[in-house]
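Alright, structures below, take your time with them.
In the two complexes that follow, subunit A is the common piece, with subunit B as its partner first and subunit C second.
Entry: the complex of A and B
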């Protein structure tokens, strides 16, 4: 019973990592930028979600608006920072990204935005049922996280593998110059990439906000590090790798905490895994050597 | 009216002048662009295809100036190019490489972007192009696993996918063995007969002389000669430029 329950909890946790890491992977794929400020988008998504929820009281509407807002915010981040840094060494946008992240977190802590408080996000499970089996239980919040993640990931998968824009992303991530030479408008393709990746981060923020019933300005700190670990584990820019790494990391975290207790703080496990991975398989699980 | 006119184009990279007042035209022909290393041939291609904006001068395509357009818009007007260093989309299959080039209008509008790319019509067009470039047998092979001669053909197939009126080939014969070079020459002649106008940069003199109807010679950023292959072969300036004599 414990095993099944731990596994189901781990999968739910993995879903929240996955939404965050998927967007980051997409951005990394096309721009080769480690987009730290992605975690700010996550926080902003949660903030917009909780605000809209307090006005309209409808979870689905607040999720939708939070995702659109986050997506547009992502485009703005691209247009006003990385856009100017396309042809410089990749460490430059990385540093810009760290600066952006720190700036946005500080800005969000201002009293006229989120302030230093935690806000409750009492959307519950948005009316979804609780599932009880003899082996494990899934709360309605968990079911919500799981189903929203699956739907969004299936949509992203279809977009990536079946459509023009997916082909365009693949082309642009392999060779931007050549992609332009077959008529792909790079700016538009990259902006859409940011829109979708950021919308996913916004969704992750909303879902985690609901799960913990708490939204606050620095909630992006930990996910920013973890999402990174996941894309390194998964193999920089490989989406299947990121999915696998999200689930594996969540499973390792859950089972280690469950079996050996809090010998290690839970969130340090991810870093331990990262260090081991870099020592023994530096190109990640599914990355190319 | 010629298809393409380059009018008094100069280009500087910082303090280095790569092109000096270059003017040329390309018509319904196979035009060769030859010259020693560093003559500015590829720079000129980059300017025509929109990857560089010339410091001075104009590029006129079908009567309209295009020197300020970005590459993806130039492509939509019907100017396709290949690169000196072959760059197929490495992880994609040969067919996907060609599919990426098919259907310019898709990339121009939002509805096109979310449209599926593997439609019956697109696959049909791709098959036709693969046949034309003799790549049918490599359809599902990842492009980066293929020998260079075949990768070059993938590049040409992908360039043809955009239905160009003008095709710029940057050293298409580089790295090819004799048999492949011969096949390439036949392919280029075939494309020309189908109404595609071609400008090619070439180092291989014999290849250029046998294929091109007219040749422009660049040396140190300037045009030093142009004319029929026979005239070029006899031109003293050209011989000096190649042999490094003054």
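Entry: the complex of A and C
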């Protein structure tokens, strides 16, 4: 029973990692930029979600608005920072990205935005049921996270493989210049890429906010590096890799804690796995050499 | 090159943002009309608002008495730091409305230390050398307070630690006092609560892995051994943990009758919620880290029945407790917490000490604090006295969450139990 329960809890945790990492790996795929400020988008998504929820009291509407807002915000980040940094060494946008993240976090913490205190996000399970089996239970919040994640990932998959613009995205992530040379509108591809990636981060923020019933300005600190580790594990720019790595990491974390306790902080397990990965398989689980 | 220029520009902007974010801020004494935390790189102290002429018509205007104050209003500890700052400002306001101290107004000189030791020591020097404060209050965490304490000690300026719990803070020297109850005293009270008041025997202990959690657990285990409690499981978890489900599984199979869980309100809210989710319905004992209205807001119905040990008794009918709770709510629109109450009390003790000493001489202030007896003008009191090790002796309260609010569960006033 313990095993099944731990596994189901780990998969839900993995879902929250996955939404965050998927967006990040998409951005890397096309722009080759390590977008640390992605975690700011996650925080902003959660903030918008909790605000809208407090006005309308409807989870689905607040999720939708938070995702659209985050998506647009992501495009703005691109247009006003990385856009100018496409042809300089890759460390420059990375540093700009770290700076943006620190600045946005501090800005969000100002009293006229989120302030220093945590806010509750009491959306519960949005009316979904709790599932009890003899082997494990899934709370309504967990079911909500699981189903929203699955639906969003299926939508992204269909968009990237079944539409013209999705194929353009795939081409651009293989070789940006070549894609531009064969007539793909790069600006549209990149904007779409940021929109979708950031909307996923916003959704992750909303779901984690509900799961932990708390939204606060520094909630992006941990995901900022954990999502980065996940996309390195999965293979930079590989979407299936990011999904696989998210789930694996969550499972490893949960089972280590459940079996031997916190011999080291749970969040440092990710770094340990990262070091092993870089030593033995530097291109990641599903990345190309 | 256009793009190179732009990237350089952005790097510069980012850098300057970082510098601004790290620069200290200064606010003057509280005034409802004043914008909070005027942000300037070079801190400046605004003048104290003048008193209405009717109150002190004959006295010539005198320099205010400056008290230094630092707490984290940015960074991970911003919530506690803001509560502490607002409460200290409230104390100054109440004191000044009642005629100030020695016929002079109090003025709070505030800097944000972001709970960082290096910033706290720089702030301590600035408060001493530049602002020439007569005494200081730390509204910050243990790390920052420990860094500032030796600097105040060396300069011979009294410093009161509001709620930082590390034992080394007061060991710095004779100028350093503490307002909050020592963690191992509170841990002892926790064990007393489990063994004597609730009559339970099998305990699972969860410790947040920092000096706060470890000192609490040490105190708890020491007294638990004296009471013959059985510790069936002990786990440490890192600060900021949100996922307790794997540990809850272990508690379930350990056969524990009660969980003693140290931590802060955000971890605690996740812990109690997840325990209910996983169907583990045994009592949870927390401590002052839980003592915030945010705990009840974040944990919702899962907070019901949680018992904590703390310094702030919200059901107390002592006048100063009521004044603090009511005025805090009226001024800031939020319910007060324990951290704020401790910062409030630190300022009240300082004001009393200056008044009793009859001067702002540091040694006279320190002597007045050392000789303090049965002091009632504090929110978390009464303060019976300070020990020779400069630790406060006072009753410790335990509170239970009922109908969405903290209420008195049991008051521990056995002097032997609560003396450090």
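Here, the second predicted complex is superposed on the first by the 289 of 289 C-alpha atoms of A that agree within 3 Å, B and C clash if a C-alpha of one lies under 4 Å from a C-alpha of the other, contacts with A are read in each partner's own complex, and residues count from 1 in each chain.
Here, contacts are C-beta pairs under 8 Å (C-beta built on N, C-alpha and C of every residue); 3 or more make two chains touch, one makes a residue touch a chain.
This is a predicted model, so every value here is computed, not measured.
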First (subunit B), second (subunit C), both or neither touched by A:159: first
First, second, both or neither for A:43, with subunit B first and subunit C second: neither
Partner chain(s) touched by A:109 [first = subunit B, second = subunit C, both, neither]: second
Which partner reaches more residues of subunit A (counting touched residues only), subunit B or subunit C: C
Which superposed partner A:84 touches (first subunit B, second subunit C, both, neither): second
Partner chain in contact with A:184 - subunit B first, subunit C second, else both or neither: first
Partner chain(s) touched by A:168 [first = subunit B, second = subunit C, both, neither]: first
Which superposed partner A:192 touches (first subunit B, second subunit C, both, neither): first
Residues on subunit A lying within both footprints (that of subunit B and that of subunit C): none
Of all residues in subunit A, those that touch subunit B in their complex: 159, 162-168, 170-171, 174-175, 177-186, 188-189, 192
Residues of subunit B touching subunit A in the complex: 49-51, 70-72, 75-76, 80-81, 83, 87, 89-92, 96, 99-101, 103-104, 106-108, 112-118, 158-159, 161-162
List of subunit A residues in touch with subunit C within their complex: 2, 5-6, 9, 13, 81, 84-88, 92, 95-96, 98-100, 102-103, 106, 109, 111, 115-118, 120, 122, 137, 139, 212-214, 216-218, 221-222, 253-255, 257-258, 261-262, 265-267
Residues of subunit C defined as touching subunit A within the complex: 3-4, 6-7, 10-11, 13-15, 17-18, 21, 36, 73-76, 78-79, 81-82, 209, 235-238, 240-243, 245-247, 249-250, 253, 266, 269-270, 273, 277-279, 294, 297-300, 334
